[in-house]
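Look for subunit A in each of the two complexes below; its partner is subunit B in the first and subunit C in the second.
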Partner chain A sequence: MAASTVAANFDVFRFDPARQVQPRYQRYTLELAPHTPVLTALLRIRAEIDPSLTLRYSCRSAICGSCAMQINSKSRLACQTPIGPEVERHGRVVVEPMRNQPVLRDLVVDQASFWAQYDRIEPHLKLDPAHPMPEGRTTSMTPEEVDRFKETPRCIACAACFSACPAVEADPAFPGPMALAKLYRFVVDPRDGATQDRLVRIQPNGLWLCLRCHLCTEACPKDVRPSERIRDLKEMAIAVQGGTEHGSKHAIGFKDNIVDLGLLNEMKLVRQTFGVGGMLGQLPQGLKIWRKKPEVIRKPHRIEGADELEKIYAELDKRSETPK
Partner chain B sequence: MLRHEVVVVGAGLAGQRAALAAVEAGRDVAIVTKLHPLRSHSGAAQGGINAAVGAEDSVDTHIYDTVKGSDYLGDQDAIEFFCREAGPIVVEMEHFGTIFSRSPDGSLARRPFGGAGFPRTIYAADRTGLALLQALWERLGTERFTLYPEWDLIRIVVRDGRVQGIIAYDRKRGEFEEIAAKSVVIATGPAGRLYSRTTNAHSCTGDGVAVAYDAGAFLKDMEFVQFHPTALLETSILITEGARGEGGILKNASGERFMSRYAPHVLELASRDVVSRAIVTEVADGRGFTGPYGGYVHLELMHLGKEKVESRLQEICDFCRHFAGIDPVTEPIPVYPAQHYMMGGVGTNIRGETNIPGLFAAGEAACVSIHGANRLGGNSLLETLVFGREAGAAAAQYAVGASATTMRATDLDEAARPIRGWSSRSEGEDPSALRTEMQETMERYAGIYRNEADLLEGLRRIRALRSRFDRVRVVDASKVYNLNLTDAVEVGHMLELAEVILVGAYARTESRGAHARTDFPKRDDQKWMKHTLAQKTSTGPNLSYAPVAYTRWEPKERVY
Partner chain C sequence: MKIAYYPGCVAQESGKELDMATRWVCRALGIELAEFPNFSCCGSGFVDEANEVLNVAINARNLAIAEKAGLDLLTICSTCQGMLSLANLRLKDPAVKARVDGALKPLGIEYRQTVKVKHLLRVLTEDIGIPAIRAKVRRPLAGLKVGAFYGCHLLRPADEMAWESGEEPHAFEDLLAAIGATPVYYRGRVMCCGFPIQFVKPETAAGIAGRQVLDAKAHGADAMATPCPLCHISLDAYQNQAAKAVHRPLDLPVFHLPQVVGLALGASPEEMGLPRHLVSTDSAIAKISSVPAAAARP
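For the complex of A and B:
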């Protein structure tokens, strides 16, 4: 008895910048069982058809983080993506290198910027001199304290999130989801003594550049949920420092609007985010909006039933996580 | 020419720990690795790390379990040192930031493991290797050293009776480079890709072991190859021993918990060689399941309950769901043994020193020997850290006293010329075809059960493959990430090691630990209580033997 197979077409991105002017897509066709991972297919292409096809891979079990790539336009681990559903949904398997990182050859990308952002968050324990590690024994940590790391210890640094992130594409200063999930891991670590400093330093050109699109969480093969941890970091950052960046001021202003008025007032929000002087910079945009939708630019007023919203916020404030 | 005092090859736990020790000793250190350090195979270790830390457990029990597990081939002085260092090195890793699983009282959680008289395996869910690798890399990141990522080790230059440096190959640029070094630490990890069924990553090709052998280092006990009992059928992805430690049971096709016939006292928690042979016997005798991917047995976790399975065996759940379409909470897992670990390696003493001055080795690439004929689960992570540190410290100390190195202009060319020649052939052997044939040969003729005829046939086939390898051809013409070329380099390394394994296994006419000869089914302490040493000659490995070190434990029959 042999497992049933399907004929699968692979359109694989090929590019050797040293020898070619532009990339091309090469088609390979293989007979494979539907549960065959894309990585297995690519290795069969290398072994049986074309040994020049170039990719990174190692463990083939979603733990080394080597084989992240674009599979039918989604950032995935090749070893963890079966071909069957891809062929069914898209009729073929388009395999391309990860995004937001320059291609070195075929499916291999230069990860220098990804690793630089990882280094930026200073990924190591920083001890508070007043609380050194206990001599000759481990620190005490309850299972509940371990739970506070959420799923961040599962991160395998595959960079699928970095590849999927539009904020990384828009602004190379953005640390990216993986680095911020890693930052969260240190911020909630009861052994780390630099929580406040970490939360202050990540804000300029960092935390608030996140667009809250959650594509990182969708891309993550280990369910680390970076966007949720970024949200937690934002809450903690405001708790530590209040509004210092446009992003945090906007978040605070948004909430104040709702609590005060019961609905958003764009004029007020723009003033809170950018300040009175900064509003001038937003003037062209404001005029454009006023021409199309004049009702948006209006005097703040409190709606009926806003008291109820106020109560909801009061309850949420009570429940929210505060940094240790 | 690049120049460093200490060059560490391999950046898994052993290599990183060696580098940290050498940096802390004030040396100029470089790490050469064919991966990024965080991609190293140490990160795939699941179950845990052994340390007798609780009041109820004792270091002596850990020592005894390891000696017994080794089938009395482990060096008892080394094992005593190893087990004593376990507690402190686990504390150190916790202080470096490792996120271990915890007990309600805040102490490190521990689980039972095979061959252990006490639940002493400390863990981080079922990703202990990853947790340690991240913490160590993050700790090492606060120090100054040079990293050469995605560089392959090609040659160790030995002249005037000592190490002078290495020749490496930079995958990104496609260039050979010489790195002068007073001392070199080999920490290149496993060689599982010698076999077609292995839990090891594709990168586990024994490079450092083969290159050290080529440089004149003794390889020790290479015939002892561990097969992990529970690898996922078809892919051979590892299902941690922790799954049995947490209460998982093995059943054959008639639903019988067959381990009761092989290890009546501890059942599934017998040591790995025992459980692997039991599964192979069940399947061979027709009591296993059959399917398109061969015979197998069931590993059942269903009775443990959803919460326990999903929290303590989270990665296993993911593996089963993604790679086998099975939910271990509700279904049995189809498993069959697969190559998992090399007990053998570059022969060293407790300090990681080899027979070549300036050459050190640690981790799976080395053989101290603490695992003897069979390694206990949870002892390999411990080995990487304890002996990584020792080798790094010894390499640093050696570098202080060593005179300047003398690399010659011809060193690089001598190492690179044959490899460059592979690309200029108009016809020749395909490296991946050679690799597949080698893997099938080792699987068939040097697997769990061995006998004289099989080993001789295996040797004949491997030697034929070696002569075909002399005509290996690289067709990829690019200099950038030429995997066709690095494939060929790796196959060359593995063929070298395959021959050593077969020659050692053929010579050892007894059964001990993982080396099971059907034609010599008994352990023979009179004749074979000794380490095999293999040294390279122009006609193949030359075998000699070294005594096993004893302290307190007299050899007994091994019953679980």
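For the complex of A and C:
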């Protein structure tokens, strides 16, 4: 027996920048089973109602990564998103192009910036001469070494994460979650000889702009978990280079602050991150805040039992495994 | 109910008004707060970047303090909530647990992973419950349109936090409706406030905060409210910088979660520490004061 259908309203973003000054939303109503993917609905609209609707798609099986778009403001693969829950939660299905990339037409965006950031991380193996391929083998990795990639090889480069990322939105310098997850994959590859160089070069105007908001991990249709791998890269970058950027200095300073006092001292941390000179730049805003909130300038306070934190840190340090 | 109160660093320093409002609201709702002067900072996500295992270990120590007292733990900060929950989660990995146990044991500290970490938003909406709060409202925030701003670490990664949807939460809006306010739905409510890179690239951080405030305003909000004091720093204390970054005036009052609840339960603006905000809350207070309290009672 056929499943019961729902009357689903689609509000689809339509825009041809070459001929129109601004986008509009076009309403289409279809009778569909709740499990129908949004992509299937869009293809029916194109076939039966409006042949001018423009979109990218290919495999319809969540493998090619072509049909990423915004569905009710969430970055999703259209082929993998059933309409039922969307209609239930929002009363309609708003379909828009991905964010953070200029629209070429309707649901199709120009992905040049996304791919430029991918190129920036040099996504190919730089073979380590000290670790050559054994004769007659195609891989020189043990299963344990393969496990170090974690979920990153699953990435299909659909750019849903790039579309969801507020750091990409605010700062074109940020490489974006996909490029950094790919970088992680090469950094932990035992065959790669450029690990340290990769970790050094990704830091200025790159790695430390991640907000760890986890919106990428939420958007990823393949559970690649980019935000968690970016965290790993930050710890590895500190291990290689120590504090060279504001971001790494801040993380190290924060850690030292907590191990020493147990609590954060806001003033002390600003000095550690920016230096005494940099603190002057923060002064006008600091005074404005201090007038309302005088506690921002106070003597460092040590919690009861702060010595325990020092001992925990020393103990962990003693037992730490050496990273690759 | 009795719960271990974990105020976090900011509410003990620049965000003191959050601590004041939390204590007032908990007193009014019969939530007994047990205090522990030996709680340390949660690491705020920065310690996690520098040293993942250390971050788990310092929070295992915090959780062990609550466990010894036989209490669950109350947070009033999205980031504290995220970091303490993350410790509970990472400790399920036997290798991580062995390393952390090894560092705690010489100090006579043991954590058996029995403590639930609950943000105030969850305690109010689940443990106290929406009907009980609605029944205690003395001054409904009628006419006030409020944009909830959740803060990332309260919500995500959602599969690991497993309380609210990471992209479409509703607990805060439910609570706002219960206290008589009109919740405003806007995309920015689940976005980032920019705080984590305030010290990396301040102009980018300000631009991110500015976008969310603009979005709330564009959807008609008279004010925003946040369960996270770090978001409050970005959205209130640095709102002037955010306005510069987006080249638009903002002037949108931003409340802490317990402040809006407290006001509805009858607290004065002074009791909620509102004079401590950088952006004046007067416009919002004027809106709710113009509604006669008895007439608007639900």
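The working rule: the second predicted complex is superposed on the first by the 301 of 324 C-alpha atoms of A that agree within 3 Å, B and C clash if a C-alpha of one lies under 4 Å from a C-alpha of the other, contacts with A are read in each partner's own complex, and residues count from 1 in each chain.
What we mean here is this: a contact is a pair of C-beta atoms (placed from the backbone, for glycine too) under 8 Å apart; a residue touches a chain by one contact, two chains touch by 3 or more.
Note that the coordinates shown come from a computational prediction; the quantities given were computed from them, not determined experimentally.
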Combined model on subunit A where subunit B meets subunit C, clash or fit: fit
First (subunit B), second (subunit C), both or neither touched by A:E308: second
Contacts of A:A167 with subunit B and subunit C, given as first, second, both or neither: second
Partner chain in contact with A:V108 - subunit B first, subunit C second, else both or neither: first
Subunit B versus subunit C as contact partner of A:R89, first or second or both or neither: second
After the two structures are overlaid on chain A, angle v-u-w for subunit B, subunit A, subunit C in degrees (C-alpha centres, nearest 10): 140
Contacts of A:I252 with subunit B and subunit C, given as first, second, both or neither: second
First (subunit B), second (subunit C), both or neither touched by A:H131: neither
Which of subunit B and subunit C A:R212 touches, first, second, both or neither: second
Superposed arrangement (fit on chain A Cα atoms) - minimum subunit B/subunit C Cα distance in Å: 16
On subunit A, positions contacted by subunit B and by subunit C: none
Residues on subunit A engaged by subunit B in the complex (per definition of touch): 1-3, 16-19, 35, 37, 43, 46-47, 51-52, 54-55, 57-66, 80, 104-106, 108, 111, 115, 119, 123-125, 133, 136-143, 145-146, 149, 153-154, 156-157, 185, 189, 191, 222
Of subunit B, residues touching subunit A in the complex: 35-36, 38-41, 43-44, 88, 90-91, 94-97, 99-108, 124-125, 127, 130-131, 134, 138-139, 141-142, 172, 201-203, 235, 237-238, 291-292, 314-315, 318-319, 322-323, 325, 430-433, 436, 475-484, 487
Footprint of subunit A on subunit C - complex, ascending: 9-10, 12-16, 37-41, 43-54, 57-58, 61, 99, 102-104, 106-107, 109, 152-153, 156-158, 166-168, 187, 190-192, 194, 196-197, 199-201, 204, 207-208, 211, 237-238, 240-241, 275-278
Sites on subunit A touched by subunit C in the complex: 73-74, 89, 166-167, 169-171, 208-215, 217-218, 225, 227-228, 231-232, 234-235, 238, 245-247, 250-252, 254-255, 257-259, 262-264, 266, 269-270, 273-274, 285, 288-289, 292-293, 295-296, 298, 303-306, 308-309, 311-313, 315-316, 319-320
